[in-house]
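Letters A, B, C and D mark the chains as written, and numbering starts fresh at 1 in each.
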Amino acid sequence: MEVERKDGRGANQLRPMDHSRNVLNRAHGSANCSHGGTRVLAAVFGPKAGTKKNENPEKACIEVVWKPKTGQIGKPEKEFEMILKRTLQNICILTVNPNTTTSIIVQVVHDDGSLLPCAIHAACAALVDAGIPLKYLAVAISCCLTDSGQILLDPDKLEEQKMKAFVCLAFPCSVHSVLPEGSATAGGEPVAHGLITSLTQGVMTVDDYFRCLAQGRAAITPLSNILKKKLQSQSANNQSIAG
Amino acid sequence: MAGKSSSTPATYAPSVSGQKKRRPLIQADSDWVRPDGRSFHQCRPAFLRTGAVNSASGSAYAEFGNTKVIVSVFGPRESKKAMMYSDTGRLNCNVTYTTFATPLRGQPPETKDLSSMLHKALEGAIILKSFPKTTVDVFALVLESGGSDLPVITTCASLALADAGIMLYDMVASVSVSCLGKNLLIDPVSEEESYQDGSLVITCMPSRNEVTQMTVTGEWSTPKIHEAMQLCLDACSKLGKIMRSCLKDAASVPQD
Amino acid sequence: MAATGGPNDLSSEMELDAFRRLFPLRFHERHLTESIRPDGRPLGKARETTLALGAVASAHGSALAKIGCTTMLAAIKMEVMTPTVETPDEGGIAIDFHMPPICSPLVRPGRPAELAPVISKQLSDTILSSGMIDLKELCLVSGKAAWMAYLDIYCLDADGALFDAALLSAVAAFSHLQIPVVSLNDDGRVVLVSEDNTVAMKEKEPVNKERIKLTLNNIPFSLTCVLHKNYILADPTSEEESIMETFLTVVLDSSFQLVSLNKPGGPGLAHTSAIQDCIKLTRQRVKELQKILNEAISDMEVD
Amino acid sequence: MVGLSLGEQNFIKGGIAQDLRTDGRKRISYRPIFVETGVIPQASGSARVKLGGTDVIASVKAELGRPAPSHPDQGKVSINVDCSPIAEPTFEGRGGEELSTELSSALQRCLLGGKSGAGAGIDLSSLSIVQGKHCWDLYIEGLVVSSDGNLLDALGAAIKAALANTAIPKAQVAASALPDDEPEIDVSDEEFLQFDTTSVPVIITLTKVGRHYIVDATTEEESQMSSAISISINRQGRICGLTKRGGAGLDPSIILDMISVAKHVSEQLINKLDSEIAAAEACDDEDDEMDS
């Protein structure tokens, strides 16, 4: 029943990932992230004074602009903007600099499937590059469900269209360092198991969803280590340049 | 996934085959019956209710036959930054139609015109000095356009203003008359409006007996205008009574 | 107002409304500890829901849905389109969600609310992917003419849980939809066959005499819950939404398949146990809404 | 906006109360009117009207078009007004837009009559060439060059003069065309069809200041107005349109009183305007002879 994937990857095997930071000089923070064919460029313009009209001045306000590869901003882009904005509100510490607006511009360079996770990683890396205080990093994965009920991780564009349904999940990165010990296991479950964002497309049964959840969570820990290693190695040579 | 085609293909509404809305031949004062069976000087049944929108400071819903309108008023609030200081309050009106309001699925062109007409109709009745530096926003949405839309919008807007507690000199009632050959038809439906020779729309304050807005199109002789005005004014006073009773029983039953 | 004595005793003698406006979060949390909400509902209960079919006469199918104070008006107008080459025998559905300036003080005539396109996309995704409507039923003449259903949903009063009310009104509008009887005239244009001019009917037999009603299989229903410090509040009002910003929208169809589960981030984290509780609440809600929809359809058939 | 001190405002109101306005005119007398026609060569007809300080230009452009399905036997007329910023600083950018939409809808209401076309100043059926297929579309453009009050009357007069100056080329169906397909129209550029503008109404605006109402108010007087009524009356004395502008309410009897005053004033204005147009046309023909 093992579904053979076109590019020969195993069910749980992710596409090669590459993150590079500080790619734009004018932005306060910028990052370029690519998952296999999908490449996204994110730029952060540091906390600017004043919040938009209906925003809460006591908290920092995050504004996301999603630039598609071609064409103008339609409804799908607006939805991605809202999801990315709410996700980043989860991971940023909003009370640090109140009454400011941090604007994040996401430019899709090439879309070859599971676009949102790649955008989330790019945005997080750009925020780290800009030195915005974060509670933890968000690690995102998307998995799709074949008609036979088998779950494939990190689908590309063709697989996404062919499959019955697909789920995009975002989890907090392993968080041992920042939060005090007690709160790490909120309600008997380690915080890392909490879900920041979940977006599903297509009809599936409830336990299919929970299987996707478990599979996604299992793939998170190795993914977050790769992410952290890439970010730390990058900041190391930054210091060397700056130092 | 059934991706929705981004640009919807060009579509057209299937129109009724063969039958064209011709203007019915009317001899002078024959007993020609109007499409919905009303007599010439009879208005459509009016259904008025306040408090339709909970998140607005004042709102009202009006239904005259097939014309259904919702107006919500957002109480005196700070006006846009671009506005200079003014020691009298400002009124901001905006009228929009739903896409399914008119039988043919398109936005009727004169919504900008309706907003400025609504603004002129209401500014005479509101005590603008009672809220300096601020703006009162009156937004109207026409759910279904069944004819003589502006009078129904104006009447519903004045009810919403009263519901919002804005100081008014008097309620504002509005009625329209269209002239077809010799006859005067009050409160015309959209079919009658499409082949009317002329129309007269009056907005007045019933108990102060003052006209705040009046527009006439088509060719009228002075006695005809006089007769039409008289007809509208007592229709407005009847409408004013209905509006007052609607406000009274909205206030008497406590808001649940 | 020196807060020396700590805010707790301050709130006791302060007037209720002032406390609600000054410390909204604490006001709501005081209610949550007794697992009740400011408007008296238990945590898991949704607001009172009513449904009225056929609210707009000038549309082919329309419905007015009210969940508590949130009011949505959905209307469908049918127009004829030439189907695309790849799908010659499928009609189309164009779904649009509008938030006119009357529905909430935040919306200004110039600037549309930024929530509207998001809900509009979620609605069209949910309705299209749920398979509620088989697009083949919208076909008139394969390859030449098919129906395009323009579904427009207007939010008349925005008081929280907009997506749920919008989906309910859309589903009800489809169940009330009457497809007009049409026939093809000589130069290939589709024309209405009106009952009175039967003379024109002679040579052009109506193309879709039998398909007046759309058959709706697994109908999607949704429930939005707010997660706040391991409390789950079903069907939040706009005030609760503005204070506790972590939403979880679960959409189940009538056979309890998961059509979509949407948690767009927000300050709180959703643990598996919380998700299971939400799904349980949604199952209950689907039964309620199913009953309400069937009642509305049955008394529409009666009159 | 002209800032008037309290003293000036009382001076204006007092003057109007005693039937002697600041520039010496009576309550119902007009400022001097100058009409000049044929000011824009490319347009089918154009005119420039100076009413005291107010200066407007109206131009009429006739083009071939298809009649509206609901009225196959009538041509189409569209009126559009543009307030250029040179008239007043506040017209800059979008400032003048609201006033121009208001003026265009008032003009449309006064000149084009009801939806069925009855009572229209311009005889729409004379614009039709082939019923249902071809007709003349008139694009009437108004431009406010300098504004010193009473814009609507000046624009009404300018449009009436421009229509009088309009020459629509005669058009017939080319004989060779097959009956059923699109008949081509050949447009002869010698004979011209002159427009009869006798039934075009003229617009009178009565501005109420204090308890009295005046005609042809200047900007200062307009700033003191409590309400204003614009009535369009044609030669037969019938009312072809009425718009109440301004805020304060008016008693119905006062409105009827104003209508009768307007009818009385309109006779003089129509005669004066016709003589001015005839004079302008005459000197217009002299210019043609001189340079031909």
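Note that contacts are C-beta pairs under 8 Å (C-beta built on N, C-alpha and C of every residue); 3 or more make two chains touch, one makes a residue touch a chain.
Each chain and its UniProt protein: A = Exosome complex exonuclease RRP46 homolog; B = Exosomal 3'-5' exoribonuclease complex, subunit Rrp41; C = Ribosomal RNA-processing protein 43; D = Ribosomal RNA-processing protein 42.
Please read these numbers as outputs of a predicted model, since none were measured by experiment.
Trainee: Minimal path length between chain C and chain D through chains that touch?
Mentor: The least step count works out to 2.
Trainee: Between chain pairs B-C and A-C, which one is joined by a greater number of C-beta pairs in contact?
Mentor: Between the two chain pairs, B-C has more contacting C-beta pairs.
Trainee: Computing the C-alpha centre of each chain, which chain sits at the greatest distance from chain C?
Mentor: D
Trainee: What is the distance in Å between the mean C-alpha positions of chain B and chain D?
Mentor: From the centre of chain B to the centre of chain D is 28 Å.
Trainee: Report, in whole Å, the distance between the mean C-alpha point of chain A and the mean C-alpha point of chain B.
Mentor: Distance between chain centres: 51 Å.
Trainee: Please set out, as single numbers or ranges, the residues of chain A touching at least two other chains.
Mentor: Those would be 74, 201-202.
Trainee: Got the chain B residues that touch at least 2 other chains?
Mentor: Those would be 1.
Trainee: So which bits of chain D are touching at least two other chains?
Mentor: Answer for chain D, listing residues that touch two or more other chains: there are none.
Trainee: Please give the residue numbers of chain C that touch chain B in the complex, ascending.
Mentor: 55-59, 62, 69, 71, 73, 75, 77, 79-82, 84, 92-96, 98, 100-105, 109, 124-125, 128-129, 135, 148, 150, 152, 154, 156-159, 180, 182-183, 185, 189-194, 197, 200, 238
Trainee: Which part of chain A faces chain C closely enough to touch in the complex?
Mentor: 54, 74-76, 78-79, 81-90, 170, 172, 186-187, 189, 191, 193-206, 208-210, 213
Trainee: Report the residues of chain B in contact with chain C in the complex, numbered from low to high.
Mentor: Chain B reaches chain C through residues 1-2, 4-5, 8-19, 52-56, 59, 66, 68, 70-72, 74, 77, 94, 96, 98-103, 105, 137, 139-141, 143-146.
Trainee: Going by the contact rule set out above, which residues of chain D touch chain B in the complex?
Mentor: Of all residues in chain D, those touching chain B are 70, 98, 101-102, 105, 109, 112-116, 118-119, 227, 229, 234, 238-252, 255-256, 259-260, 263.
Trainee: Flag every residue of chain C that touches chain A in the complex, lowest number first.
Mentor: My answer: residues 106, 114-115, 117-118, 120-122, 124-125, 129-131, 218, 230, 245, 253, 256-273, 275, 279.
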